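My questions will all concern the structure given below.
Labels run A, B, C, D, E and F following the written order; every chain starts at residue 1.
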Amino acid sequence: MNLIFQVESILKKALEEDLPSGDITTNLLINPDSQARGHILAKEEGVLAGIEIAKLAFETLDSKIDFKILKKDGEKIIPQDILADLKGSAQNILMGERTALNFLQRLSGIASFTKEIVKLTKNSKTRILDTRKTTPGLRLLEKYAVRVGGGLNHRYSLGDGILIKNNHLKFSSIKESINKLKNNAYGKKIEIEIENIAQLKEALKESPDIIMLDNMSLSEIKASLEIINGMAQVEVSGRVNLNDIPKLCKMGVDYISIGALTHSVKSLDLSLKIIKTS
Amino acid sequence: MNLIFQVESILKKALEEDLPSGDITTNLLINPDSQARGHILAKEEGVLAGIEIAKLAFETLDSKIDFKILKKDGEKIIPQDILADLKGSAQNILMGERTALNFLQRLSGIASFTKEIVKLTKNSKTRILDTRKTTPGLRLLEKYAVRVGGGLNHRYSLGDGILIKNNHLKFSSIKESINKLKNNAYGKKIEIEIENIAQLKEALKESPDIIMLDNMSLSEIKASLEIINGMAQVEVSGRVNLNDIPKLCKMGVDYISIGALTHSVKSLDLSLKIIKTS
Amino acid sequence: MNLIFQVESILKKALEEDLPSGDITTNLLINPDSQARGHILAKEEGVLAGIEIAKLAFETLDSKIDFKILKKDGEKIIPQDILADLKGSAQNILMGERTALNFLQRLSGIASFTKEIVKLTKNSKTRILDTRKTTPGLRLLEKYAVRVGGGLNHRYSLGDGILIKNNHLKFSSIKESINKLKNNAYGKKIEIEIENIAQLKEALKESPDIIMLDNMSLSEIKASLEIINGMAQVEVSGRVNLNDIPKLCKMGVDYISIGALTHSVKSLDLSLKIIKTS
Amino acid sequence: MNLIFQVESILKKALEEDLPSGDITTNLLINPDSQARGHILAKEEGVLAGIEIAKLAFETLDSKIDFKILKKDGEKIIPQDILADLKGSAQNILMGERTALNFLQRLSGIASFTKEIVKLTKNSKTRILDTRKTTPGLRLLEKYAVRVGGGLNHRYSLGDGILIKNNHLKFSSIKESINKLKNNAYGKKIEIEIENIAQLKEALKESPDIIMLDNMSLSEIKASLEIINGMAQVEVSGRVNLNDIPKLCKMGVDYISIGALTHSVKSLDLSLKIIKTS
Amino acid sequence: MNLIFQVESILKKALEEDLPSGDITTNLLINPDSQARGHILAKEEGVLAGIEIAKLAFETLDSKIDFKILKKDGEKIIPQDILADLKGSAQNILMGERTALNFLQRLSGIASFTKEIVKLTKNSKTRILDTRKTTPGLRLLEKYAVRVGGGLNHRYSLGDGILIKNNHLKFSSIKESINKLKNNAYGKKIEIEIENIAQLKEALKESPDIIMLDNMSLSEIKASLEIINGMAQVEVSGRVNLNDIPKLCKMGVDYISIGALTHSVKSLDLSLKIIKTS
Amino acid sequence: MNLIFQVESILKKALEEDLPSGDITTNLLINPDSQARGHILAKEEGVLAGIEIAKLAFETLDSKIDFKILKKDGEKIIPQDILADLKGSAQNILMGERTALNFLQRLSGIASFTKEIVKLTKNSKTRILDTRKTTPGLRLLEKYAVRVGGGLNHRYSLGDGILIKNNHLKFSSIKESINKLKNNAYGKKIEIEIENIAQLKEALKESPDIIMLDNMSLSEIKASLEIINGMAQVEVSGRVNLNDIPKLCKMGVDYISIGALTHSVKSLDLSLKIIKTS
């Protein structure tokens, strides 16, 4: 996980959100000089992601907290696993707990769910892609968690990948659109979203690099693949049923993109437990 | 929805995330002078939340976009409902689409889920509470969405509510903790997290305002309520099964807090469709 | 003093204010490699507050400055006391001087004034409260200085405490107001500002937690206390004369809130003296 | 008052400080659609400063609030004067009240105090100067308030004026210091802080533009003025007693700088009163 | 020019840089109520770029300034051309002048130089590319100015385009590098920097999309093109002599990238002249 | 080079610009644990400026990178000189390369060009000044580079120096302007821009400190100098031809200000080369 310098501003914002005026309970109950040692524990099975973010959350609050990472991103974890062992100011450990866990639980939730889906593609060339349906402000982290879970990242932003969508085609034809992009964009493959066979045939004439089959039934996808016949890479998108993934793999689609990887995440259950005080 | 001025920085951050270098597809395919009209459509049933945020997302990108709100926050929506009608620069509408929808789908997802749970408390005094397990950076908006769905907000931050948790009790006894807070905090009720009957009895002697029963079984909760017998308000917390909610209502708990309201949200399906161009 | 991470942005802003284009005198007169040792000295008697902020101000400018704290926040200081001993780049020590002192003198001024007032409440249960009449941008620090001086903090922000003021009562009755808040707010006591006996009686019927007697004469306060008779806590507010404080303590008011603690502060006189150069 | 664009960030910071999680009382008691009209009233005599800042505070919170300025900066105000008449969302008016008043009361306090002191210099050439002992974050506004009160601004920052202080003279002699600055600084007058007659004589040989007599008694100042004899402008600084100002004027000092103008301010008493609701 | 919302922060930063403490000359000489009308004039021939940025600079300072654009980005301008006509507060026009011109002169300098170079490619398929050698903080604007001048943008950032450089090849072989990227990156073409014929042959075996010939002589480029023979697109990079551009076009290179477009810019001479005051 | 704390925000902004979504090539080709050692090399002769900024760029990205400075700012460098030797995470070194070099090349370009011009003033009292025609956002750094090259800084901002320009004289006469400033500004010399002999004579009557002769021919300058005859310092400004500088020196002008020092810079050619990997 690189780009620590960018994550810092998200972490500060999150800490400020939880601590606009300190922690009234902790400040009144615990001596500023008290020290504590705590464990971050798994309470559910899954794939860990974001442990360095959790470390950075505590360090942002208090650079003297000693946070030892015991499980690395990408590792499988099970209930009772100790993910990290931390020591330092008792007040600051309690103040950072929720913020650190909010990041860690969400990112681990994404990695765990991605991993489950990636398993369904086993023994095929099909790759699982994320989308831009990420939580506002957390895209960098969420796309990282998808990679931890074994997924591939679709474009990061509107600027770093070309995708001609139906809304674009209301302004120019498929032919014109693909050719304008071929002549004026540099270094990027050209992908086009297709909703039916007629569009598909029109598009194939202009040799796009990738065809996205959007919201099609399995039989439509099958028919489309036969027409495409290797002339372009194929991405299947839309509300894909998890049961259909093995079938799509068998058909030979190159990519399946799944918005739910990041827009409908179930947090992984973790907790912080104080194990020693002084 | 007040506090527009605070939401602006979150919106800018989200737009920058999606547009660090513009929208290469849109910039090359659509004329800067092209105008468009679009609809935001429901594709799923639920409760709308965040429509003013969606409006503000487009206005932040381009103050000349005319965004007409057709459904208000809190309204029930069904597939094909038109939530908003917007007109303006075609480029900017397409560039704002994803960011606006990412907010709107997430907040509507929270409101819809909260509403479902609140329905389970019908004809009881029991109220549904959220937690601090929110998405980093979005707490203000997510807690707003909970209210839209009929939930009540637990404390916003560590500074604005007192909650003595088990980790605090490793530093001072229940008796000492409650009394320190009574003497040194102003204007706030005192809540304490209880894990078993022994703790409960100890706490009741010090007259806290609210007792949080954490991770207890239904029978333990029942036993606790009998002991408390109206001497404090009661919040049930922990991994509450939705089926148990009506039972908890009948028992007479005052509050049920549910982290999943904000940490495990399913996005509500919405889309933006261009309906006219010029 | 926790929340160092939040103070950093205030410190940076303050340093930028004083150094938008460097320190022309220092840069031209002193060699970048020159080292200096200096003392922060008291020139007036009072209570110290903010010494860690002063340290952080220098460290923000130059992390290599070695700042030794010799007096702690809350200690009484007298003229000629050495509060801190610092060593490092001569240029940076001179550049940070004014900013560090501006914080330290103001916070010590607040703590010293608070301490004086708190002394007037000796041997009583009455507690001194601050208000939200703080300097824009410095609330966290100023409320901290009040605590250093022995005062208690009233609500930090409009979000973390309930106070029904006269302006609110222009929109709903006392009865309606108190009950709406009882039903819809969580974890907070309900306080209401009262300007006369009629309002007081009306309010008491709804059992608020705290009554604020605003701008009343001593005799009105006395009469009010008799009516309240322990049914609510009592805060006296408005332009309280320091001479009246012992009388209010004797009457048994629970709290006296004083805006001047933060809105009309006299800076404590301190200075930085270079004692050695190399 | 120019530089509105710079003040905006201070205003936002101040509003965020007071509204990290909204205004719980106002949100629960007042309908979002309720309108109100209010007056900002003087409760004390003084000089108004910052009325456009107060306007901007409300507009930052809600651009639809209609804020009519009735008294301008620099005008004398007396109790019961209506300074502004504002209309708009009742919720937002109540939420902006404290922040707007905190700015307005502080700046008017500075302007009023400055005015009082400036009056003491009547019929003399002596001008009153402020210092860099301003509140962190508010220098631009506080120096503006000094001008409103009739004072002159000493240097704004360490970069925009040359002042050789005693701490500098520990690194190079008076002669060397003045000459280095003459040769390497552009467009700025050279001022030197003098603590005794010996230093004064040494300095005068190098023809500085301004001599600052620091912490001298009246008789020392008199002796110094005779020695200077018009060869440089003279600033008197240090803990000047207000009673001494007319004497200093008579002696013919050019400038008197007074830190208390900004570091020990008494807020001017003002309030906001709702006069109509709908 | 889209993305106004991103440019705002750069504009604010630039205005703050020039106005940390106002404009002392203007504030003292010109009445705050004075109005002025001014013209932005060309003093040199070139291609205009950034006129909307100049407009936004004035509007950021003062939203009431009326800035009429008379020449659009991309238009050829000659000395004495009036580029814009602006009216409003005299103080604010003078305060915004330098900042607005600093942007406009730099961007027009880039567009003008790009245009000159693009002309050298006339009647060929060769396209001129920029690089990431832009001014820190201004990349979005500088890359826009390159497009205004007729150039094409190479990748915007390290995240949105793949380029295997010599430094990467110290970690893995050409073969391994190209294949890792083919398997793990989505939507991006693969470009590799080549320094000699041996590397070129090795690379061609792995079918990269684009070959960058770095710092090669004309004859080496010619030899390389024969070897490549249409199997990949070809970019020529390094210190290209302007005289060589027509030769490179004739040889059939697809792209020539030129760092000097943005790293060694000559500002276009423009000025603001007040033509009327009131 | 002081003011590191201010440069940090520019560095972060620059790094974010280049790394909004990481470095796709580097992340996929190089192991996060790989270490590298690299050299920053000169490829052109010049004066080095900004080496501490380059160091800080890498440290901002990754505080563990060990960056050894081998040449200091102000030193002459020639091709193949090793300016710095750095070690650390291979990924982070490659990610920081372009940003660090963009700063270093630009600042060294400014210092080198300034040095060349300063040489032309040898054996004269004439000093070379920069202007406010700097790159938006980089003024502090660019003015620093001018000093490294031996130039003097004209005013930093509109607030820290007085310059009456022709546009000001449309609002008040020369006489009135100079006197208003004499009476109301503190600590600053008064400079006036003069376009012809008539203006010059009028100005001299009011004894300004500095006369700026703007856009005059050599013979006009000569005539002006005779009239001024030592009564004020003289700055020559406008499109000064480099060949004329020795002539202006001989005539005895005090200052020559040159906008091109910062507005038309040629980057100095430097590169980063990985010399060892592990």
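We take it that a residue touches a chain if its C-beta (ideal position, glycine included) is under 8 Å from a C-beta of that chain, and two chains touch if they have at least 3 such contacts.
As the structure is a prediction and not an experimental result, all values here were calculated from the model.
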Homomeric contact chain B-chain D: same or different residue positions, threshold half: different
Option in A-C, A-E or A-B whose residue-number contact pairs overlap C-F by over half: A-C
Distance-maximising chain from chain C - centres being C-alpha averages: E
Chain B and chain C: spacing of chain centres that average the CA atoms, whole Å: 33
Distance from the mean Cα position of chain D to that of chain A, given in whole angstrom: 51
Where chain D touches two or more other chains, by residue: 17, 19-23, 95, 140, 156-157, 159-162, 184, 188
Touch list for chain E against partner chain F, complex: 10-11, 13-14, 17-26, 28-31, 34, 36, 38, 90, 94-95, 97-99, 101-103, 105-106, 109, 132-140, 157-165, 167-168, 170-172, 177, 180-181, 184-185, 188, 239, 259-260, 263-267, 269, 272-274, 277
Residues on chain F engaged by chain D in the complex (per definition of touch): 129, 152-157, 159-162, 184, 186-189, 191, 209-210, 255
Sites on chain E touched by chain B in the complex: 1-6, 140, 143, 156-157, 160
Footprint of chain E on chain B - complex, ascending: 12, 15-16, 19-23, 27, 32, 60-62, 91-92, 95
